[in-house]
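Here the structure comes first, spelled out in structure tokens, and everything after it is commentary.
All chains are identified by letter, namely A, B and C, in their written order; residue positions are counted from 1 within each chain.
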Amino acid sequence: MATLTYRDALNHALREEMQRDPNVFLMGEEVGVYQGAYKVSRGLLDEFGPMRVVDTPITELGFAGVGVGAAMVGLRPVIEFMTWNFALLAVDQLVNSAAKMRYMSNGQVGVPAVFRGPGGSALQLASQHSQAFESWYAHIPGLKVVMPATPADAKGLLKSAIRDDNPVIFIEGEMLYNIKGEVPEGEHVVPLGRADIKRQGSDVTIICHSKSVGVSLKAAEQLANEDVDAEVLDLRTIRPMDTEAVLNSVAKTHRCVVVEEGWPFAGVGAQVVDTIQREVFDELDAPVLRVTGADVPMPYNKQLEKAAKSDPAKVVSAVNQVLYRD
Amino acid sequence: MASSAAPRSKTKSKGLDPARADEYRGWLRQMLLIRHFEEKAGEAYSLGKIGGFCHLYIGQEAVAVGSLAALGPDDYITCSYREHGHALARGISSQAVMAELFGKASGCTGGKGGSMHLFDASLGFLGGHGIVGGHIPLTTGMAFAAKYRGTSQVAVCYFGEAAVNNGAFHEALNMAALWKLPALYLCENNRYGMGTALERASALYDISERACSYDMANEVVDGQDVLTMNAAMERAVTRARNEKLPTLLEVRTYRFMGHSMSDPIHGHYRTREEVEGQRKRDPIAGWSQRLIADGLMDEDSVRSMDKNVLQEVEEAYQFADQAPDPAPEELYTHVYAGEEGER
Amino acid sequence: MPTNVVMEALSPTMEEGRLVEWKKQEGDAVAVGDVLAEVETDKAVMELVARAAGTLLKHIVEAGATVPVSEPVAVIGSPGDDTGEGGKRGGGEAGAGQRGSGASGEKDRGAAGQRDSKESQGTQPSPGQSRPVSMPPAPPAGAATEHRPSPESPSGSKDNGVKSDSPAPARDQQAEPRVKASPLARRIAAERGVNLVGITGSGPEGRVVARDLEGVAAKAQSSTAPPPSRPAAQPYTDVPLSQIRKTIARRLAQSIGPVPTFYLTTEVDMERIWEARQAQLALSGAKGAVGKLESGEGGRDVSVSFNDITIKAVALALRQHPACNAWWQDDRIRYWNEVHVSMAVAIEEGLITPVIRHADQKTLREIAAESRDLAGRARERRLKPEEYTGGTFSVSNLGMLDIDEFTAIINPPEAAILAVGRIGQKAVGHEDAVVLRRRMRLTMSCDHRVIDGATGAQFLKTLKGMLENPLTLVW
């Protein structure tokens, strides 16, 4: 085991996959000479050269489309969006081109590309730079959506994403790049579509992903002091969702809270709740509650921003409600 | 305004090269095939056998035929949604294309793509695409892949003149020129984006001049003359293959039919006289007369060829009509790689 | 207005009844609850009582007739009523029920119809649209199905011999209030047979949640658990069949009839019981004889028979072996947390099995009194259905008929029956000598789908131990 930051774990995954497969290349704004806006691609230009670590103009739609086109003819591009906020300009390419190509062509042409970059709320970046879009992409058949919460998962999931023959939306936590964690040495691959129990518990299941995993684990610690034994389930892959893991956990604990950074309306949690009520209705002892970001654009002011974000206290409160502890 | 500016590149009026006689006759046959195929498709649409949108290529046949003749078998091609003609000229069978328009399992995309999404990966024909301009960056990506791998492939993108006003066009051409990619951007300027005339949508009338923004080679081509089209395309392909440089071709052509089947031949946006005037420059009539004049064909052989093509189209129609619908379980196939379906 | 008296289902399995005797004659005044007739069911002779007041206008059937359940047998009304129309079912109350709900249903339908018409042209006009707006909506045909009286409702013909033509308040049709409960709580309650109506919910707005059932429900007890001092709050625990249990059930049933039975026999030394009973008889002053019941009624001088002792011992042994105190329920096994011992009683027409309820919690004297009462009324065919149903285990005793041992047929859905033979003196080895001792043979018939060989054997061993050490029966 080595202790790595989330950022370096991603860097290692990119380096190893580029070493392994000459068809893998990295393209995006500031990935080369600048070494990456968040330094995820540090050192890669030197190692692999400008044909495989490609700096682009600020033209998200354009280079996302270039990535899709290159993938259509067999390369395995990793397209970096400096943040997912900017990827809004490329949504047509992600939705209309990447996601649908295999289906429209009746299986003749696939898009084995990874689109990655930081997402979620940050610190005082205001409305246009602090938002979570995973539910948008998870809505689209043809896309996979992956969101690691730990350095080990970041490395293992990125390697799987690069090897996957489908377009993968890989959303990193903007606030997670500096967190440290143990990462297995050598070949470490985490399969897509498998959730991970980050904490075992028996009283309530807290379902979360990305930055919300840390929030949920903190909440679980507080709850443990109050003799509530919470299970924390990290989805890791939003789509395809590991419904089996979700259902097994809820069937065990009978109570569930879903935590996410995004807005409440039609969020990831809405899909989780739908699955739970449909599949294990008779296991539920309380309605499933959701902890989400506030239903507003992100404000700049620090206090308002705090109020807009999900945090451990909100999770604890929701858990108390589903446990009928008032 | 309706008359086009004089194309800058014109094939000189010299005699046709007898050594290419078979190829030239082949072009005529391809153009006839596209023409009659589209006429039949229009008929099938009116009978309800073809649904959705259906954009006919009648009037523009020389563009696809002349330009695709300049490509090699490994090159990549993408098109807009007005791509029946390109699919046929690239070599997808009339049966497979007609069956696709009918939405049948025997269609070239199994009935899933339809008129706007024809594919045949084995021919490098990588799709009709439905979002105006959306496929232009894809083509840049394919050219990038050719350069990345060090192959001599080129990637060609067909789009209408209305697409040049959107961001995808600009972003894609900028990167192709910046990175010196073997890409070919062929703008089929048929003067109307749906019902909006070029001069009502673009501040710059000469689309070829857009290339100046990217320091990219460009040419204006008469798209109603298949030989001229072919020659210009060969120059651009050579530039891409040998110099790894992109080209923007502005090909001036005209659509004899409405934008789609729901649009009359001349709506409020153009006059009957304009359409009639353009029909006098029918690329098929022009090319068959040229072949006859140069002694490569006679009227009988043209008639015979026409009859033969009509027969093929009829057979394609019958094939498509009788072909089976996709199996219900096809609904969930090919959503993801490596899985039958995701539920 | 005249109303019909119908043949009621007076036993759980009754499909028809024989009208034995009219207790009210035509022209008699009748009050609610009056006995109108005696009816012989498949199990007993029961009373048919009046559900409406008035005059008994007409006997539709004569005494001795056999009438299917829910067919009319008489008419009650006012003198002068036309009895020919008395049989008509009360359409008024159903209409009232439909009317209110129909109106609200129509409102939704009409709104939906308008939406449809806006969004898609050329669709058929909905019923709501085709009617002028000012017209009161008629009950839609479809609504009637939602408000058809349920079999449990007072207007259902099975439960009520008398049909009233007066509109019943709609509220009466909802027999039980809706209980708010979480899905999990509902599931647990259903599995354990707990009625949620009586449970106080601790969730929002009184929602019953899982924790509210914690005190109420307990799992099936292990065989070593001590018997509870009071009746368990929920009488049984349903355990869905495991795959292996399903396979055992299927294969054994294929092998031997619908109930795959096996038999276990043991011999019990009865000397100490004999002595104990002699002592008890001496105390109560009764002159007991082997296998014979005294007829003394009530009070303390009821003599306790060997059969009573056996029933008590069986009940206590079942407490320790809940696996034998069970019902086969096709898709599950119902393990009872209460012990109700059926005792086979021979009657003139055959056999009936009155039930000693909570036999494990009753004293020998209580059991003796109850068994005597039940047996007596059984012979007179005066048992109520609830007195001969609901047993969890049966005991059949042919000892008084000098039968050494026999095998008894299981009374489904019970999973076992104990056949008790006579007590007789036998030469047996005892403390290194061959001596004569009173012995009794017990043969247990077990439903192999529920009880496995060793399970039954362990139960019998416990039972034998109890009978050979009578103190265990009183401690």
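Here, contacts are C-beta pairs under 8 Å (C-beta built on N, C-alpha and C of every residue); 3 or more make two chains touch, one makes a residue touch a chain.
Keep in mind that what you see is a predicted model, and the values were worked out from it rather than measured.
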Taking the mean of each chain's Cα atoms, which chain ends up nearest the overall Cα mean? A
So which chain is farthest from chain B, going by the mean of the CA atoms in each chain? C
Looking at every pair of chains, which two share the most C-beta contact pairs? A-B
Geometric centre distance via CA averages, chain B-chain A, whole Å: 41
Counting only Cα atoms for the centres, state how far chain A is from chain C in Å. 58
Taking each chain's centre as the mean of its CA atoms, how far is chain B from chain C in angstrom? 82
Sequence positions of chain A contacting 2 or more other chains: none
Residue ranges of chain A touching chain C (in the complex, touch as defined): 254, 281-286, 324
So, in the complex, the side of chain C touching chain A is made of residues 182-187, 202-204, 209-211
Chain A residues within the chain B interface of the complex: 25, 51-52, 54, 56-57, 59, 61-75, 77, 92-93, 96-97, 101-110, 112, 141-142, 144, 164-166, 240
Listed in rising order, chain B residues that touch chain A in their complex are 76, 78, 108-113, 117, 119-121, 126-127, 129-131, 134-149, 155, 167-168, 170-172, 174-175, 178-179, 333-338, 342
